[in-house]
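Two complexes are shown next, each including chain A; its partner changes from chain B in the first to chain C in the second.
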Partner chain A sequence: MSVYFAFARSAFLTQLAYRHEVWANMIGKLVQVFARVAIWVAIYGGTASIAGVSLEQMVTYALLGGAVTGAIRYESIISGIGQALRTGDVAVWLLKPASFPLYVLATELGRAAFRFVILVVPTVAVVAAVYGMLPPASPFHGVMFVAYGLLAYTIIALLSALFGLVAFWLLTSFSLEWMMQAILNLLSGQLIPFWFFPAPVAVIAAHLPFAWIVYYPSAVWLGRLDVTATLSYFGLGLGWAALLAVGVVLLWRQASTRIVVQGG
Partner chain B sequence: MLRTLRILPRLALMYLRSQLEYRGAFWIDRVAQVITYASSFAVIWILADRFGTIAGWNWSELALLFSFHLLGYSLGACMSFTQMRQLEEAVRLGTLDTLLTKPISPWAYMVFSGLNPGYTGHALLGIVMMGWALSIVAVPWSIGWVAYFLASLISAAMVTGAVLTMIGATALIWTRSNHLYSLFFGFWELSRYPINIFPTAIQATMLSFVPLGFMAAVPVAVLLGKPVPILGDWAGPAALLAGPFFVALAMWQWRYALDRYQGAGG
Partner chain C sequence: MAQIIEARAVSKRFRQHRRFPGFLGALKTLVTAEYTEIEAVTDVSFAIAQGEAVGYLGPNGAGKSTMIKMMTGILVPSAGDLTVLGRVPHRERQANAREIGVVFGQRSQLWWDLPVRDSFELHREIYGIPRPRFDENLKSLSSLLDLEPFLERAVRQLSLGQRMRAEIVMALLHDPKILFLDEPTIGLDVVAKDAVRKFLSRVNRERGTTIILTTHDLQDIEEICPRLIMVDHSRLIFDGETAKLRTALGSARRLMLEFAADPGPLELKSARLTSDDGLRKHYLLERDDISLVHVLDEIGDTTALKDISIEEPNIEEVIRTFYQRRNAELPPR
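What follows is the complex of A and B.
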């Protein structure tokens, strides 16, 4: 395990070397978060509450929405696997006493930890200072938000790895990155919470694993789920994470038996 | 000059052939892009369906805005983005030096030898969506309106290409430029919404230093007779002039940067 921690730590520290990128990313992120909040302010246009959701709650949702997806880059995981496949590096990994998917996940989680501290927390703090942000609905919801947040990182990392491994069959990871983006746009609740979705779509979306990436952590913070629902949906999320982990293991086993190194 | 012009389509064709070598992967990638843009569009549809209007823009007007943005972007980006994103690497590895010795403008060679057919998916979706939006939006049809529409679309594509080129060209001086693209795409995401929904500071930025307001929000507001903040009555001519102005600026900056290019050292 310490090997993967070392990979994550090294990825965290590598990020420190690219200070220009940190500044550009920080301003880019700030603009993006400001904009998402501005869109909700424009939509509410002076109305205090829509569908039982106040503007303050919606602004808080938009700010929290970026906490997970703003730190982790699913495309790095997918393209990391795709690139190793294209360059043939993946063959070398089979000789090493470490798992390739775990290596990719550990390095991206290391980078995500860096972005969370350097990018996400400051940008959320700045935008919250301008527009205001609600505290968690209760101490219970606050604690559960942290647990849901960690589960969100696990689920998005596993999903990205699963998508990345499909590249072994398609031999291109480009389209997989775009597909993941499409899913996150619509089904994670990143841009619109499910309570604004048409009813049947909302029910389906709320039970797919993508919902645990943005929707549930933010909904828990806002107290949209009572204690029982918070705990039972957390259990369901853990179930999805376990299923995805099994999926990654099985797919990697299948993939590693059919590696075709191109060129050489 | 004529010889150079004759070479350019050949360069573009060579790249197209290389891309179509993996035909299956090429079209899978295009389908994935169309699905992703459609999902972004679905988000706007859900918002418009649930709330009626966003800052005074109804569903069909937002559809026109989105399609104008997508089409203008694909036209501008196919001439600039992937090519200019590679410039950083070309500077770092020194391959740009080989390019400088060729008897052809390095910009023309880079742009046409990498003329990206990958934007076909964007363009097709943009055209279909635009046709549909134009059939449902209340448009004051006239020859003048159509002429303005086409001219402002070309201007929007020019703004996109100019900004993407200017970002890439900074690599000639600073050897690194790709981090600035994340800044570009931060603003790019905003530029498909009506500009009046943003705080004044962001509006002012999007009409000056990061002129992505001219990619769609300003011209489409003018076309639909909607007020444009800050620019007011100047919005109409400004949307037309933005393209040529920023292209001229990008040309000047390209020459300036190339004059100062010293390689990545080492």
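What follows is the complex of A and C.
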């Protein structure tokens, strides 16, 4: 396991080498988050609450929602795996006593940790200072938010790896990146929280793995789930993560035997 | 001596989905299941003992990389038996991986963005190399190949020669029993080639690491490998001592002497005159033990000599002579 920690740490440190990029990214991120919050402020336009959700809650939701998707570059996981499979660089990994998908995940999580500290936390802090942000509903919800946040990173990373492996058969990763983006916007609750969805759609969306990426962490922070619901949905999320992990392992095994039997 | 690699009648066929040209062809490609088969390795057998340094020589497309990939476990042979260190490589790929080192001349295993030293550190983690052993290996190997000046530099900033030296050192850090190198000198300049060759023969001699090296450069093999396996069009065509190659194949080095003033016809015992343009005379050096010294000795007075050159036969030429000889020896049908 220490191998994968070493990959993550080295990816974290490598990011430091691209310091110039950090400033440009920071400005881009700030504009993006400001825009998202400003849209909600405009939609509310003085109304105290819509569907039982106050503007303050909505702003907090929008700020937290970007915390996961803002730090991870799922498209680089997808294209990274797709490219290594296509160019045959993956052959090099078949020679090492270490797993290639785990290497890709560890590396991207290392980079995500860097972006979280350097990009996400400062932008959220700046925007929160301007528009205000609610604290977690209770200490319990605060702690569970952290757990949900880690689970969110795991799920988005596994999903991206799954999409990346599919690229091996489709021989294109671009359309998959695009598809992942569309799915995330809609089904993670990033663009619009589920409580504004029509009831049947909301129920379905709330049980798909994408919901754990944005919707649940923010909803938990805001206290929209009681203690039992918080715990049981966490269990369900873990189940999704396990299922996705199995999917990644199986697809990887398929892809690598195909390379080994037929050649890159 | 124990055989650590054994190949018995190994073959590899690639099946490729047949593609049809043009737009309609692309549609046809989607719906048909026609395949073309490519024989990359056909019926190749050899055995390699612990501590040998073997050159695997052949022109492009002869099946060298495919053979290396089978020995390292990333490709499965279509037919025949292959064992490396007593294992079937593709069945026990990871166990095999721990005991071998592999360098691909055209594919980097270093981390592009990291300093060379950090790549080595990750390699240490992957292979679980004990710290003292790692430090010792890193120190001795990098001083031999002169890596110290660029150990802290990012891999993407290195020249091809520097990168190749780093790749080779990395492949040796976990003390592999066998080192496989697929075209390690491709694209390198003369100085870098020379450094790599000297280093590899030293590693073979001093560490006892078995070396299997593919190349299409005959000189790589002459300087590193006492034994040569030659392949062409997927088949093995020669397996024996490198030193005997020229005598076995009858291909000779070419000698050219250029004079300031025509010395007249100049027949030599050490070399056979093939053409005489007066000032320039061309010879063939047919025996391996004849060197320039012998030739100059025989000429005696060299004051009129302006220029000398010796040309090694290139691989295509060696193979051509081989075929010519073999065809000449075949009984007429």
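Here is the rule we go by: the second predicted complex is superposed on the first by the 259 of 264 C-alpha atoms of A that agree within 3 Å, B and C clash if a C-alpha of one lies under 4 Å from a C-alpha of the other, contacts with A are read in each partner's own complex, and residues count from 1 in each chain.
We take it that contacts are C-beta pairs under 8 Å (C-beta built on N, C-alpha and C of every residue); 3 or more make two chains touch, one makes a residue touch a chain.
Note that this is a predicted model, so its numbers are computed, not measured.
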Looking at A:Val246 after the superposition, I want to know if it touches chain B, chain C, both of them or none. Which is it: first, second, both, neither?
neither
Chosen between chain B and chain C, the partner touching more chain A residues is B
Notebook entry, point to check: If you stack the two complexes on chain A, which partner ends up touching A:Ala91: first (chain B), second (chain C), both, or neither?
Noted result: second
Let me test your reading of the model: by the given contact rule, A:Val203 touches which partner, first (chain B), second (chain C), both or neither? neither
Query: Does the superposition put A:Val146 against chain B (first), chain C (second), both, or neither?
result: neither
*asked:* By the touch definition at the top of the document, which applies to A:Phe7: first (chain B), second (chain C), both, or neither?
replied: second
Applying the document's definition of touch, where does A:Ala125 land relative to chain B and chain C: first, second, both, or neither? neither
Check: chain A residues flagged as touching chain B and also chain C none
Per the touch rule, the chain A residues reaching chain B in their complex are 18, 20-21, 24-25, 27-32, 34-35, 38-39, 41-43, 45, 50, 170-172, 174-176, 178-179, 181-183, 185-186, 191-192, 196-198
Given the complex, residues on chain A that touch chain C span 2-3, 6-7, 10, 14, 17, 88-89, 91-92, 94-98, 259-263
In their shared complex, chain A is touched by residues of chain C numbered 14-15, 66, 69, 72-76, 90, 93-94, 97-98, 102, 104, 107, 109, 111, 113-114, 118, 121-122, 125-127, 154
Contacts from chain B onto chain A in the complex sit at residues 22, 25, 28-29, 31-33, 35-36, 38-40, 42-43, 46-47, 49-51, 54-55, 176, 179-180, 182-187, 189-190, 193, 196-199, 202
